[in-house]
Every structure is written in structure tokens, then in C-alpha cells.
Amino acid sequence: MLFLRQTATIALKDLRSEFRTKESLNAAISFAVVILVLFSFAVDPTADQIREISGGLLWLVFAFAGALILNRSFARELGNDCLDALVASPVPGAALFLGKASANYVLLLIVELVSLPIFGVLYNMRWTRQPLMLAAVLALATWAVTVIGTVFSALTVNLRLRELMLPTLIYPMMIPALMAAMRLTTLLIAGEGIAADDWIWVRLLIGFDVIFTSLAVTLVEVVLVG
Amino acid sequence: MRERILYALGAIAGLWLARNLYVILLGLPDEAAQGAIYRILFFHVPGWITCFTAFLLAGISSILYLIKSDPRYDTFAVATVEVGIAFTVIGLVTGSIWARIIWGIWWTWDPRLTWALITCIIYMGYLMLRRAIDEPTTRAKNAAVLCIFSFASVVITYKAIDWWRTQHPGAVLSFRTGGGSIDPLMESMLFQNAAALLLLAAVLVAVRMRQEEIGREVESLRRHAHAI
Amino acid sequence: MDERNFTYMFFGFAAAWLILALYVLSLVAREKRLRRELDSVRNMLEQRERT
Amino acid sequence: MNAVAVEDLWKYYGDFPALREIQFTVSSGQCLALLGRNGAGKTTLLRILAGLSRQQRGQVRIFGRDARHPATRAAIGVLGHGIGVYDELSAIENLRLFGRLYDLPNPESAAKQWLERTGLAGVAASLVREFSRGMRQRLAVARAFLHQPSLLLLDEPFTSLDDRAVALLQSVLQEALQRGSTVIMSTHQLREAMEPATHVGLLNRGRLAFHGPRPEEMLGDPGWLYRAYGEG
């Protein structure tokens, strides 16, 4: 109970400071929009082609924009040595991690929910044909991105080349989840259901979430205590 | 003394590999469907066996480091990862050359191939992370955490041929198929070459570990000089 | 077919050995660099302790 | 009862021992001043006690428990180099946040009480970003003392404080000591530190060169210890 309260306190704290400054949220959303616009110049967006690559395009946008949010996650604690103050407090590392991860999760979902309609308008795409399944895939895959991103944000927070190291480390690590998300999102935006063959991707996503969340929760204390 | 033993073991591994090469090239018949090119597999499969073994040991060693915080485990982990990457590259390149003949293309985005490549990139990230951290204890600790995460990609690579219908051939070794898909003579040759490569890898790991120890000594002397 | 098949097999083996050789060479180079660094740091320490 | 017991503690950075064979105990109610040059290991030792860092060898017991035990950390107040409060939150939000994280029965009233005490009640709702240096330092003091810690770990607490913050810190320290709290602080400012200190420890290149009750000589001549035990 105390654990959950502490987790929520951390999450709310992060969300409050983010909404107050909107530093990373603004950056991430504008970045997402810019990529979406730029991409329309890269290909001639006929409906069929876009439908084919919609999942890939969207998840690249989410992953790139997400890195901006994840980068700030632990970096915002550096300013006045706040990270030390948090680690020295009786909050367990796992609660600190889950709190920060939940805040990032909310922020990433906001970016995604803003990007999706823009994608729909810019590319003339109806993306709501399988709303429930799409929401489920978004929820699972975004959590995967969040977990990896938050843990590696903690891992790289004190590095000289933090902004560079984080993306180089997280993208390869996220690929299984991104691949699954891209494949499933493409199917769902095209309005198809998930065929028997493609359930492996859902299982992969769930497995990824479970395995990496447990790993992260176990290891984060070691990462934070020097 | 330690060096002499290492060099001797290295020489034995080299000679063993040369002898295996001789048998593979001249002692074994061509394969019915693939012709001569199938002989690459005697390097390709043992190469991957070596690299999976290396990454597995690196993962175990990383866990032990986090538990005991003894720098020797970190030394072992970095040495095995680096040698593992060398063998991953061998696996990728030999596989690619084989694919050029059998499939007519160098590369395809088949799940097995894709994940093998991702594994390689992830472990290169491990080496990059190490370079970015100056303080040895933090470096060891953060690298150990990354190494444990990275092992997931090795597992996915290993299981990819079971989970997806891949263009990459399925399992051939009898401990995965229950036997029957490979000639016992060829399989025994494959394992012999794997043993020779593992021995070679062990020698390389030992050499690399000694270098890491020298590196630590240099770092600690620098700190010492700084403290004066 | 067969000739190319054969050449590529040789390519494969050559590539494998080449990669191993390159890795060994990189190890040798690092060994040299580390020895040099160790010597220079030791020298520096001696100098400092004398003064 | 011993508030802090450190036994054969070693901390390595790589192969370099930053702390070696550290062994000492601090009884409840004592105020230990850790002295030593830069790089002697004062900050490293305090970080280990605060649970921010882990030793490779040896044992640290704080109130009989491990340093990373949540109950231990709830009893410790830490004041480090940084102020440890968030620029983009207001003063009251900062204190409320830490009050909740320390699971205080009433974070709100504790926060208000400490804002009053530190003279920041008037600017409680302002963002810390807008605070002057002195106000930020006083808020940091409030953050560290908010949960009535029984062990205080202060790293160079008097360095670069303005007069008002020094006065505040001295008075809350006195109060905490009277309450029976234990204080361990590292310091360069010998004069300010010698007043409350009951004991002193001298770290020299990672070793505890001296530990014991404050020698009488130090009151008049704070540099005495360095000359007697240190590198002079």
C-alpha cells in the first residue's frame, strides 16, 4: 500500500513538473508532427501504400519522439542533485522506477493520441476501424517502449554523451516490441483482424512487457545505488 | 608461465582447426542438394554456438558481479562479450556468403537473420556504454545491467527458427530435432569444430581478460597519481 | 554453378579466418598500447614521488 | 546504543581504494565532524552512510540495520552538495512531496511548519526557480529536517551558505542534538563545525587517521588535528 502511494507520488510529481514546463512534451509533439509532414514528401502517399506502411511510420514517429521524453525522465533529477535526495529517501528503487515509468507512459500516450489524428488527416487514413484492438496494441507496445526507455534513462543519466547514448542503446533493445507493434498496427489500421499467424506478435509483446518489467524492477535498485 | 600456457593452448586450437579444415574439405563428400558450399556450415554453426556460449557466460558473470561486486566478474564479462561479437560477425558473414549461393542474395530480413544482427548491434552498444563511463565501478555495474538485458535478444535469436517460419533453415542438430536431419558423421565433425572454436575463444577471452586487468591497473595508478 | 559454388566456399572460410585474424591483430595492438600506458603512468608516479 | 557502527569498510573505484579499513562507531546524540582534505574520502563515506553508494567490503549498521533498509532511510536526513529540491515546483509542493515520500502522518502541516521555521512561509506558493540563493539553501535545510531525522548526514553544510542560512542551520542542528539526534558532518569550515562537534574524525587518503572526542586543543586552534595526525 505504501509502495503504491510512493509510486503514485513520484508519478504525479513528474507529471506536474512536466505539465508546468511542457519542455519535453512540446518538443516531442512538434517533433512527431514534423516527421509526419516530412514523410509525406518522401513517398507519394497513395492510399494503398500508406496502408502498407502505416504501422511502421507511426511507430518510428512514436519511438523517435518518445526518446525526447525518456531522455528527460532521469535528467530532470540531475539539476539540484534531486536524484540523491530521492534515492536517500525511504522510497524503494522499484517504486521510484515504476513511478517514473508511469509518468513517461502517460506522456508517451499523449504524444501518440495527438499524432494519430494528425496522421489520419495528413494521409487521408481512417485509423479507427479496430479501435479496441488498436488501443490494446498501443497500450502494450507503449509500455514496452516505456520500460526499456526508463531503465536506460537511469542507466545513462550520468554519462557525458547521454543524449547520444540513450537512443543508440534503446532502439536495438526495443526492436522486438517495435516490430510487433508495427506489424499489428498496420493490420489494425487496414481494418483487418489479427490472423492466427500474427498472434505470435501479440504473445511477443506480452512476453516482452512481462520479462523486461520484472528485470527492470529487480535491477533498478542496483542501477541507482552507486 | 600463464602466458606460455595460453600460447600453447592457442597453438593447439589453431592446429586442431587446421586439421578439421582438412577433413572438412577433403574427407567429407559434397552434400546432395547444396554441393560444396554446405561446408561453410562447419564454421557457421560452431561460430554461433561459440557466440551464444560467450553471451550466456557474460550474462551469468554479470549477475555474479552484481551479487558479489568483484571486478573479476566484470573483466570476464567484457572479455566474453568482445570475443562473442567477433564470432557473431563470423556467423553473419559466413551465413551471408552461403546465402549468396543458395538463395541468390546476400541478405534478407528474415526473423533469424534480423535478430542475429540486432544481437550484434546490442552487444556493440554494451562496448560503447563501457567507453562512455570513466569511473570503473559505475562502469562495471551499469554494463552488467545492460548485459543482462541484452541476453534477451540472444534467446530470441536462438528460438527464432521455432517461433516463426523462417527462410533460414530450421534446427539440424540432433539435440533440437531428436536426430535424423543430419548425417552423424557430419554432426560429429560439426561438434569437433565447435570444440576447437570454443577452445580458441577461451584463449582469446583469457588474453582479453589480462588486458582488462592491465587497463584497471593503469586507471588505479592514475587515480593514485591524482591523489598525491 | 559448381565453380562458383566452390569459390564462394573458399570465400566463406577465408572470411571466417580473416575476421579471427583481424580480431587477434586488434588484441595485439591493444596490448601494445596498454603496456605503453602502464609504463608512462608508472614513470609519472616515480617522478612525482621523487619530488 | 550505537547510532552508526562501521566495521572494516572498504570502497574501491576500480582497483583504487577510496576508503580503507574504516572502523568507528557513533553513539546516539554525538556530533561527529569529519575532517580531511579534498579527495580524502569524506563525501564517499557520507554517501555510503546515506545509502547512496555501496561499499565493497565491510559492514555498515545504522540503528542496528542495513543502510539501505527503508526504516533506516526514513530515520536519516541528508544534506549534500545540491539542494535536492525541484526548481519547477513551489516550496510547499517540494516539502509536501518529500513529506509523502517519507510517509509522514501529516505532510501538509509538517511542510507548513518548516516553511514557517525557515522564514519561507510568505513565498510558499512561489516556484523554487524564482528563489534567491539564500532562500534555496534554507529550503534545502527544511527538506533535510522535515521528517525529524534521528541521524543527520551533512556534507560540507556550511560551505557557501549566507549568514541567515548559517544561523538557521546552527539553530536547527542545536535543536536536533538536544532532541538526541546524531549528527555526522564533513566540513572545511572548522570554526563553525567545532562549536557543536563532540567528536572529530580525520580522513587521510581513505584511512581514518584519528577518531575520538574532540581534543581540547582544537577549540582555540582548529588546525591542531591536521598537524598532529594529518599531513600537516
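Per-chain residue numbering starts at 1, and chain names A, B, C and D are given in the order in which the chains are listed.
Here is the rule we use: contacts are C-beta pairs under 8 Å (C-beta built on N, C-alpha and C of every residue); 3 or more make two chains touch, one makes a residue touch a chain.
Worth saying up front: this structure is predicted, and the values here are computed from it rather than measured.
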Consider the two chain pairs B-D and A-D; indicate the one with the greater count of contacting C-beta pairs.
-> A-D
Whole-Å distance, chain A centre to chain C centre, using C-alpha means?
-> 40
Separation of mean Cα positions, chain D and chain C [Å, integer] = 49
Two or more other chains are touched by the chain B residues 137, 217, 224
Identify all positions of chain A at which a residue touches two or more other chains, and write them in rising order.
-> 226
Listed in rising order, chain D residues that touch 2 or more other chains are 54
Set of all touching chain pairs, with the criterion as stated earlier | A-B, A-D, B-C, B-D
In the complex, go through chain D and note every residue touching chain A.
-> 47, 50-54, 68, 70-71, 73-74, 76, 78, 80-89, 93, 97-98, 100-103, 143
Please give the residue numbers of chain D that touch chain B in the complex, ascending.
-> 12-16, 39, 54, 56, 205
Chain B-touching residues of chain A, taken from the complex the two chains share | 148, 151, 155-156, 158-161, 165, 168-169, 172-173, 175-176, 179, 200, 204, 211-212, 215, 219, 222-223, 226
Mind pulling up the chain B residues that touch chain D in the complex?
-> 69, 71, 135-137, 216-217, 219-220, 223-224, 226-227
Chain A partner, complex, touching residues on chain B are 66, 114-115, 118, 121-122, 125, 128-129, 132-133, 137-138, 141-142, 145-146, 148-150, 152-153, 156, 163-164
